[in-house]
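Would you mind keeping the following structure in view while I ask a few things?
Here the chain labels run A, B, C and D in written order, and each chain numbers its own residues starting at 1.
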Amino acid sequence: MTRSAVRTAPGSLVREAAGRLAGGGSGTVFALLVLIFAVVFALNPSFAEPPSLLAFVKKAAPLVILAVGQYLVIVSGELDLSVGSLVGAQVVIAAALIDGEPDRTVPVVLLMIAFGAVVGLVNGLVTTVLRVPSIITTLGTMLVLYGAIRLWTGGAPTGALSEAFRQPGRGGIEDLPVIGQLPWALLILLAVGAAAIVLMRLPYGRMLVATGDNDTAARFSGVRVWRVRTVAFVLSSLLATVAGILIGGYAGVTAQVGDGLEFMAITAVVLGGVVLGGGRGTVVAAMAGALTVEALFTLFNQLSLPSTIQPTVQGLIIIAAVGYAARERTRRSPRSAEPQSPQPDTPMEPSRDGSR
Amino acid sequence: TTDVPDDDDAAAAGPAPDQEWFDPEEFERQLAQREITPEGPEDQPWLQAIEPEMVDTGEYRLEGEEAEAPTVCFSNASVSNPWRVTGWITMQQQVEVLQDSGEIGEFRVSDAADDDNQQISDIQAFVDAGDCAAIIISPSTTATLTPAVEAACESGAPVIVFDRGVDTDCAVTFIHPIGGYAFGADAAEFLVEELEPGSTVLALRILPGVDVLEHRWAAAQQVFGESDLEILGHEFTEGDGAQIKDLVTQYLQRGDVDGIWMDAGDGAVAALEAFEDSGRPYPVISGEDELSFMRKWQEEDITAIAPVYSNFQWRTPVLAATRILNGEEVPEEWVLPQEPVTAADLDDYLERNADMPSLHYAKFGGEDLPGFPEAWQDR
Amino acid sequence: MTSRTTAPVRVRTDRIGTTGLVYLALVAILLGGAALAATGGHNLLGTANVVDMLTRSSLLGFAAIGQTMVILCRSLDLSVGYVMALCSVVAATTMAGDPARIGLGIAAALAVAALIGLVNGLVITRLKVNAFIATLGTGLIIKGYLDTQYKGPAGEVPAIFQAFGYTRIGFVPLSAAVMIAVAVLAVLFLRTTRTGYHMYAVGGDADVARMSGIRVDRPVIAAHVLCSMAAGAAGLLIAARFGTGSTLVYASGYELESIAAVVLGGTYLLGGRGGVAGTVAGVLILAVLDSLFNVLAVDPFFKDVLRGVIVIAAVAIYARRQVDRGAGRPRFSGGGADAGAGGVGAAPPPVPAGREGGRT
Amino acid sequence: MSAPPSDPPLLRMSGIGKSFLGVDVLTGVDLEVRAGEVHALVGENGAGKSTLMKILAGVHSADAGVIELSGRRVAFDHPVRAQQAGVSTVFQEFNLLPERTVAENVHLGREPRRRGRVDARRMADDTARLLGDLGLAGISPHSRVRSLSVAEQQIVEVVKALSHDARVISMDEPTAALAGHEVALLYRLVRRLRDRGVAVLYVSHRLKEIFDLCDRITVLKDGRRVDTVEAGRTTSEELIRMMVGRPVSAFFPGKAEGTEPGPVRLEVVRGGNDRVDGIGLRVRGGEVVGLAGLQGSGRTEIAHALFGIDRFTRGELRVDGRRTRIRSPHQAVRSGIALVTEDRKTQGLALHQSVLANGRLVLDAVLPTRARRGARRLPGFFSSLELVARDTAQEVRFLSGGNQQKVVLAKWLATEPAVIVLDEPTRGIDVGAKRAVYALIRELAASGVAILLISSELGEVIGLADRIVVLHDGRIAGELPGGSGEEDVMALAVGHRGAEEDAS
């Protein structure tokens, strides 16, 4: 009477891979993404040509990168509202310090990275060590950054970015056949995306998700929760710095850079089926969420939707998509008023082998 | 889609949206004012006035001890964009001069950070404090600040309003350049002139609902309406370079864009870059007298114009305050000159501002102030 | 600067509740701020400044009172700024300058607000959309509507109604008095109605509430309706103060500021603990700081920096207290290196009343 | 005092069937509970006990079958409907709001009103009366539940159930979180209820309680009723046979032959902090030391202090002879200590993560360089623990309690610890799973690991431990050899020296 131990059902590798890609409620986002692109292509077949697509990627890259950072923080059970301000701050810092001098580009970029790391570190430590809810911590950081940068520059950005600084966001490998320019932004995006996927498969990634799922259990398993979360905040801030470099490079410095990006990034991540509160969802889906948000704006444009009405449509789609994903999640499990009971969404093995 | 009040109400409240901001009389007046030579010292445009109707300010004249270093209070809407930052520096430099000469004592400032309610409180606080010899107000939005400005007027201190307006004429003087209609028309007329009939124009706007900006667009619509240009659309960008560049790029993916009309010029460079990056020839474009745009214009030899919303107007209110407190008469509506920068004087303005940062405004009018140029450079 | 005044009371802070602490902080900041202002020759407690503080607090006050209820239910409302803007427009366009239509305007604004709250509540409870996203979404929807429909301020508020924004009773602005009255009503609501009780229950533990027969959706929906209506009241105040409806109010960040005020007031962000009394103190603290900064002519951007730091610091202090409280009653005086000195004050052990019954 | 068998039963459930997603969980279950009877419901993990109770309580609805109360057919679609009809349930998880008062909790969802306002005074008075009736006047209606002990909270739960004028009360493992004297308190409560003519349905895995308390016993297995028997006419062995379907011999596996205790691996000298004091412990490799004591006596606190969740602020700690200061679980694991916590859901598992991810979490966190190698050995641990799961990618929340506990154990085994602290390792798991855990403990000991076993089931400590250290009020009250009598352990635990005063 030996009980069957863990069995690996046939086809489960495929299912596991698919599941890992899509995560819990993230099927919706991939469907939505495909749908939006289909409509865009139908409306404007020229959009499917490589140069247009690459232009899209160039524009979308910063948000996708921010979404990766936001994902890391959200999946660990926290929230980072400071990234928009940080992007703005970094661009303003870059313009003020580089002030048009090409030789200053590299040192200033290094300084920005250091600054990003410090902001992330403060967010992380205040949240983990001082136990301030991260929504408040990062709201505070947002205010502090917003004020401090303007205090420093007297209200509006000063200085100018160098051409070299603008390369990553604007330039690329030129004169390629068919596609023309291969944007650095795409390469950076791919690198960040790949690194994120690898990171999530490393011990750190698993610790991060476990921490978001149940931080007590994680701590009791030897996870240094404060460190894991602080690192997530630091990564988020570093990625915001990268996004800042790309945005500054893409469009130069304006006073509004970064405004509202935090909500865009959070929206993107949640649209990707990542659950606010932590522990669920994949980084690939979060990136898809960001692409979806950007694609949505493109669609609005292709539809010549007046720009004032766009927020309304955006709001409706976000609510509908998240609501639909939530419905999918609950629909597959039985209704139950049972307290704290796990709600299985797949049939479970009967607990005794004898019965079947 | 939303739970809204019945639409009839909104519709009944005003004319069709596009007409809402269009006042034909004012439009005509502003267009005409462009041609009128202003009165006043030629080298000090901030003291010039177009067709001024002077008012007597004897009642505000300070005597004896009171006249020594009076406290002037300034309620600022915000310094949240480069135009306002430039102007605010200029104003402070002007105040320093007046403080040194003893014409102003304390210069008390509150900044509402674009929050109307905050500004109402700020003005109220000045009134309650009771020791403001004069109150200068740069209103955040027109209609909403009206009651507060009225309250300030009732306090007895002379009130000076500048830049954006209010719906009351209780202020001793309202200082402003010719206005949004003139700005928008300057830009639109230039496009009409430079572009072949049938050309396409994209309009880029910052945000809806701000009168100075709405007037610019209303005027442009008027001008374009009588032209043979095809307006591809008008888009709100919140002044964000990334959005501007993305929008323009997308329009270019769909077809040609021959001209760009903007209601504020600080994002003009981003729009131009979209053309560069798509490998398209530069459009005919209207920007603003902001240096990054003007430099680009010069470097690339673009067909462009920079309408101006005279930044030097920030000097005028404090000067007006000292005049009023001296009992000297001032124009009731102090209309300052407003002349676009054209290809003809582009080089001249760029040379004069060669050491200024890129988000500086060419017609800031502070060259003669003691702090020049450091104060504008080290912001 | 304020440590001087808080030091003597610090010893006892663990005895008083968080709300008490918030009020102590308010008094400390008021006194400290007054002292600081006095060194610069200003009187922070003078009528003008007190009026200023109270006026400043009323608008945020309405928003924050509503936000408190929502947060108590472990929800969140990021649409309050948009609701305020919309309601100001609805009120002003409905009144259209006609004193006879004031009542209608108020009713219309509050009805619209209630409807939005209802939608928020339903989307959160029925569609199971996270409150953060749901209310961000409704906010966007309203923003789109406002930007499309109104090209700027709209409508006109009759002079009598503007009195709501400007009248004072003694030195208390009418709007502040109304705000305090609403706060008192909210406190009574939370403490004496079933729905109020159930808000705490749902925020504390929705599963427990559900198992106890509470229809957990209802308090959440009610909280959202009330929150939106409070925001609607703020919109009315805006209309009264502006004399017209203003669409651009949504850019002023009231949603985040109201959340900051609520947590500053000691309400637990994860629900179930706290209350409106604390929130009022939180709002007043922010207003006092604002007035102080104004009096001291602090750069507006520096204000943002200070606000950010203060909110974080305050919440860090509450969090510290929470940790200490969770640690429970010590049995042995801890920390000392001397092992023998331990259990001096050990409580008598709970002795079981014998092992009842026996073996079968 | 129980009603004569001929009376119509107060509660009758007949032919109850329920399936979740096509899997039958209950099939044709019949159950009768009489007024004034304490009726036990027993069975292995997953047998369907909780499901049956939840159907009765109106949490789930049955797919088939009939429920009758005093002969009248009923069907509840919500717990409140059941309560209104006089059927109250004390669920296993606490159903209280820690931030609210006792009175508020007791009346939660049914706050009495006067003129539209909640009548707080009446709530307090009613609660005080209920507590008084049960001889529990010590608990104030105004106390915040958070400030109460676990046992007091459990009592508030029962009071809450009672406040509905319940005729039927069902309790799902009410003693799972209680120990010693607290169980006694609950016994008293249950007996009072029975004496008042309430029908009590009682679920427990602790057979001793069943025999102490219950009149009749219904055994479930695989969702079917095996039998209903009079408590007085059966034995534990018989019950276990019915539950498991096979005889259970040698419940506690003996020591493997020839295992001699090795060197001292864990040593605490005069350890203390603000909850425990003067703790001296030595555990040798291959040795199982039991830690017994009443609820709150400090057993978990010692485990937490050893593991760096809390700290010893005094005294010394040695692992394998090396003096160590442990400030975090991370350091504890590095020093070779493992802790199986007492509450697996809140402290042991990341429920939305896979079996594999949970299994390798400690390796990931503390020994990342060894993680890959360690993770490769996990499947081995899973199968030797007889884990039943669809595959290792399955989220652990879908596993039954016992299988979840096995994942926790595997997670710690993979770290090859020198010392394992097991805090209530069998809480809430069934007999079969328990046996697997017992065997594992023995195996581990045989492989030279030092084991500290904390359990509120005295039989477990006595049956498994080589030595039993008994705590009383944060201090060590004494030490007894394994296999000592329960009375001796209890005497030390309650603070009496010696066994003479044990009531029986």
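Going forward, contacts are C-beta pairs under 8 Å (C-beta built on N, C-alpha and C of every residue); 3 or more make two chains touch, one makes a residue touch a chain.
Predicted, not measured: the structure shown is a model, and the values here were computed from it.
*Asks:* So which chain is farthest from chain C, going by the mean of the CA atoms in each chain?
*Replies:* D
*Asks:* Find the geometric centre of each of chain A and chain B from their Cα atoms only, then give the gap between the two centres in Å, rounded to an integer.
*Replies:* Centres of chain A and chain B (C-alpha means) sit 38 Å apart.
*Asks:* So, what's the distance in Å between the C-alpha centres of chain D and chain B?
*Replies:* Going by mean C-alpha positions, chain B sits 73 Å from chain D.
*Asks:* Show the residues in chain D shared as contacts by 2 or more other chains, in ascending order.
*Replies:* 59, 78-79, 91, 95
*Asks:* Hey, what residues on chain A touch two or more of the other chains?
*Replies:* Where chain A meets two or more other chains at a single residue, that happens at 150, 155, 308, 312, 316, 337, 339-340.
*Asks:* Hey, what residues on chain B touch two or more of the other chains?
*Replies:* Residues 1-2, 79, 208, 236 of chain B touch two or more partner chains.
*Asks:* Determine which chains touch and list them pairwise.
*Replies:* Every pair of chains in contact is listed here: A-B, A-C, A-D, B-C, C-D.
*Asks:* If we count contacts the way the header does, which residues on chain C are in touch with chain D in the complex?
*Replies:* 191-194, 196-198, 200-201, 204-205, 207-209, 211-214, 272-273, 328, 330-339, 342-343, 346-347, 349-360
*Asks:* Which of the residues in chain B come into contact with chain C in the complex?
*Replies:* It is residues 1-5, 7, 9-10, 13-14, 17, 20-21, 78-79, 108-118, 120-122, 124-125, 128-130, 141-148, 151, 207-211, 214, 236 of chain B that touch chain C.
*Asks:* Okay, in this complex, where on chain D does chain A touch?
*Replies:* Interface residues on the chain D side: 20-23, 44-46, 54, 59-60, 78-79, 91, 93, 95, 222, 245, 307, 309, 328-330, 332-334, 339, 341, 345-353, 355, 357-358, 360-366, 368, 371, 379, 382-383, 386-394, 397-400, 402-403, 411.
*Asks:* Mind pulling up the chain C residues that touch chain A in the complex?
*Replies:* 123, 127-130, 132-134, 136-145, 147-148, 207-208, 210-211, 256, 259-260, 263, 269-270, 299, 301-309, 311-312, 315-316, 319-320, 322-323
*Asks:* Going by the contact rule set out above, which residues of chain A touch chain C in the complex?
*Replies:* 81, 126, 130-133, 135-137, 139-144, 146-148, 150-151, 155, 263, 266-267, 270, 275-276, 306, 308-316, 318-319, 322-323, 326-327, 330, 337, 339-340
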